[in-house]
Amino acid sequence: MNGITLELFVMQMFTGLALGTVFVLMAVGLSLIFGLLTVVNFAHGAFYMVGAYVGVFLMGVTGNFWVSLVLVPIVVGTLGLVIERFLVRPLYGRGIDYPLLLTFGLALVLVELVRIIFGLEGQSFDVPEVLSGAVNIGVGYFPLYRLFLIGVTSFIVFALWLFIEKTSYGLIIRAGARDPEIVRILGVDISKVWLIVFAIGTGVAGLAGVLAAPMRSVIPDMGSTVLVEAFVVTVVGGMGSLVGAVVAGMLVGVVVAMTSLFWPSLADLSMFVLMAVVLLVRPQGLFGQKGLMG
Amino acid sequence: MTIKNENMSSAGLSRRKIIKGAAAGAGVLAASPFLLNIAGAADDTIKIGFPVPLTGPYGSEAKEQALCAQMAVDEFNAAGGLNGRMAELLVRDDKLKSGEAAKRTQELIEKDKVHFVAGSLSASVQLAVNTICADREIPYVSISQSDAINEAKNFTKYTFHEAMNPHMTAGAVGRYVFPKEGKRVAFLIADYAYGHEMARGFKEAGKAAGIEIVAEVSHPLATKDYSTFLPRIQAAKPDVLCLCNFGYDQMNSLKQATSFGMKDQMRMVAPALLYNQRRAGGAAAYSNVIGGTNFYWGLEDSIPSAKKFVDAYRKLNAGAPPSDYGAYGYAGVGGLLAAVKAAGSTDADAVIAAMESTPYDLYKGEQHYRKCDHQSVQSVYIIESKAEADMANEYDVFKIVAEDKASEDVLRSCSALGLG
Amino acid sequence: MNMSNLTGTITKNRVLVVFAFLLIFPFLAPYEALATDVLIYGLYALGLNLVFGYMGVLSFGHAAFFGVGAYGTGIAMVHFGVHWVPSIFIGILMAGLTAMIMGAMAIRTKGIYFAMVTLALAQCVYYIVYHMGELSGGEDGLTGVSLKTVDLGFTTLNIIREPLSKYYLVLGFVMVAIFIFSRIINSPFGSVLEAIRENENRAQACGYDVKLTKWVAFSISGLFCGLAGALSAIHLSVVPIESLHYHQSGLAVMMALLGGMGTFFGPFIGAMAFLMLEDIITTMTSHWQLFLGAIFMIFVLFFPRGIWGSILHWISRR
């Protein structure tokens, strides 16, 4: 391989880790719902896309990136709340296939609604002035905006970890994931907890969408690849494991980065090979608990 | 092979049953009872099938294609049609999938009995439509870019390619850019036929200019995140970066390369710079990018046919000018109908002969179909994307900087295509 | 005759009932190419139904078998000039082989993980075929799988010009497949599948080799989907790369569910409902996905038995 210097290698490694945080950001909402509710949210990519469009809309109204950054997860999370209450809840206890299939249909509906409301044309969404440009990180120039994303992702993961591990709500969530029956018998309204988890998961998906908007084109189909990437990260990391999602996201980022350097056209294959290998060696994923689900 | 025989007899049995039930009379075995009579469709409307991806990521371009194709049909009808025979455009959604397009084209031919087919907005979809049409001897005018459709493997006498091909556009952009911007050239190539076709066009033009290729990175089609492909290019310190990708891939790679600060370090060029994509991507991402196009509405100042087309479109669309892909739809169907008029019939062979022999000027100056591969020979316009501050209004996105004149010399030779 | 007798009669003669219907179907469909598509996708969903409906295991990787069947047949015809009949069997065998390999890896997992592993493995197949260059045509797909005439000995079918002949040619293959499928379901093997669906642990305790059964069922299912793919290559004259995409896997799941998983007619009813609905809605509005998605959600929420399953249930309750 000519032209590959140590400097480039280090830069590539860093790029991979940064890309990993983008993967984590995109996967964490799915992972949360997947792991705690055992609902495979096939509409995850659609919520991500809705987040980007709500962001575009709010940018148009308020003209302020930061305001939309705060409002988007609230708006999308509220949408998630309504969907859980009226569409997903009737399906609990009917087996894992049904919520999956329902959200598959839901994704089609959400994408088409956005097409009707915003039109077929892509929407432009520029990087806010303060975060634009590249900074020298010693081995090369790196976009400031991506460094900002690393910060945001760290904050979100930390906040979620605190919520799940350190609050009484989190205790119920964790208990509910293991044995909803017992929790119910103890007199806890588990459905309320699931409602909140679903809302948080979709809210984070929406946030990921608006954060991705300045880097990627905002179009109604933008969620379809994200869904698959998020699945890979979640499954590799192990369901219901926040640590797993973070480690897996980073791992996938680095694997993709290294493949891009040496065999660039196989970059998208690499993550599926990684996923297949992990699943065959350790079917429950790197940090998943065995027997969490049938 | 016993299984084979079983299958065959069962197929034969069902067929016999049907013949008994559906077609009366004996001796039908020799003549086919189900023969589709394509030429003798009962009503005498001239029907043109038009499969384009109305849904999917390029829906806005496809809508433009259909709109402008309808304009061409309306103009033909307003001028009296073919001795009173009116034309009709049958638009179908191919969903940007070649399987769907193949099925839809079969529907158009079998059920709607179209005389001609035009359309498509993807290299792969047009090849599928081309196969279906050629097998059924229906002339097909492709309005989407591809080199492969001109090659012996896919070309038939029914195949026409109205759109530019990547060899033309990349070549034209290369001939303009390399002498001006420098010899160190890097390539970012979408890893599919069309991407590599564009790169080949650049390299061909680069040979004459004596370029040095300092990096060549191919990325999977429809990649969303380009960050892992960019450091390698940046490290090679090129003068020019050729983006050999299309549409949203181009937009995303451009946006992300800009955020890496690469626009200050090198000149970015793209073989096909799309009007709708530029408007969706925003001025900041595209500013100073040089590319090629078949058409930009600014041509109205210098070319009479362009002025006529732009004016007509504006009248129908509240003052908004037409886009490049819309213009393809207009020229593809308009050129076809002009040939129908010249041939005086809808007979496939007569229309093909007319298309081969008649130059046309519908929207951008004179064009003609090269005899050996039915590629439309046309000028390529070199454009530069304007910065926000230089735009007079929201439609004023490009500046025309040069014209690569229509000439068969810039195409790949007929023998290189395997066509004698 | 009372209603439950009616269902009994239908079930007993299900193969004949399907045959009778499919014989007249092209005269009911909007156009022949669509009718042929219904046959192909009905068979595809039928193949999936063996594991999804009868065995109760959700696979999201069946596009691999459909796609490999199509590419196997297409490549044999285009690049090696093989006659179309052996080409179809080459496609089926390649699909079966793919299913055996994927199945051997995937049966180690259960539940939702099974769906995910099959998805990941099928995506690998997608990329492998994508990168086969000239052989598969990559993104452009495989073009030129043109079967123009079929010599049946006593007559020649001009299937390019006579879409109806093409329908009956495809139907010939589909009927044989349906007949074989019915025999499998009625066999003791079929009963083991249903035992696994009802309670895997109990089936294991009864002495059945659950893993082996799953693997065999998965492989057989791949053969049926492979035939569907092979027929689609002949039908479309092209093999698009998207026939290997995971959306294609999702399509089979949607059709089986819409029609009624675990029922014999279900997949065909599902394919028919799906494709005809799509065809009709597409011509009326470009927002067809809205209606498709909504209908799908309504089925999941209110008619989980699917169209045919709900009809059977309704009849048997009378």
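The first chain written gets the first letter, and so on, giving A, B and C; residue counts start at 1 in each chain.
Here is the rule we use: a residue touches a chain if its C-beta (ideal position, glycine included) is under 8 Å from a C-beta of that chain, and two chains touch if they have at least 3 such contacts.
Just so you know, these numbers come straight off a predicted model, no measurement behind them.
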Any chain in contact with chain A as well as chain B: C
Pair with more cross-chain C-beta pairs in contact, given B-C and A-C: B-C
Between chain A and chain B, centroid-to-centroid distance (C-alpha), Å: 36
Length of the line joining the C-alpha centres of chain A and chain C, rounded to whole Å: 32
Touching two or more other chains - residue numbers and ranges from chain B: 55, 59
Two or more partner chains touched - positions in chain A: 115, 265-266, 268-269
For chain C, residues contacting two or more additional chains: 289
Contacting residues of chain A [partner chain B, same complex]: 3-5, 7-8, 11-12, 15-16, 18-19, 22, 115, 119-127, 132-134, 140-146, 214-217, 219, 221-222, 225-226, 256-257, 260-261, 264-269
Residues of chain A touching chain C in the complex: 38, 40, 87, 90-91, 94, 96-98, 100-102, 104-109, 111-113, 115-116, 228, 231-232, 235, 265-266, 268-269, 272-273, 275-276, 279-280, 283-284, 293-294
Of chain C, residues touching chain A in the complex: 58, 105, 108-113, 115-117, 119-121, 123-124, 127-128, 131, 246, 250, 253-254, 257, 287, 289-290, 292-297, 300-301, 304
Chain B to chain A touching residues, read off their complex: 55-57, 59-60, 63, 191, 214-215, 217-220, 222-225, 227-232, 234-236, 248, 251-252, 255-256, 259-261, 276-277, 279-282, 284-285
In the complex with chain C, residue positions of chain B that touch it: 1, 3-4, 6-8, 10-12, 14-15, 17-18, 29-30, 32, 34-36, 38, 54-55, 59, 93, 97-99, 102-103, 106-107, 110-111, 123-124, 127-128, 130-132, 135-136, 148, 153-154, 192-194, 221
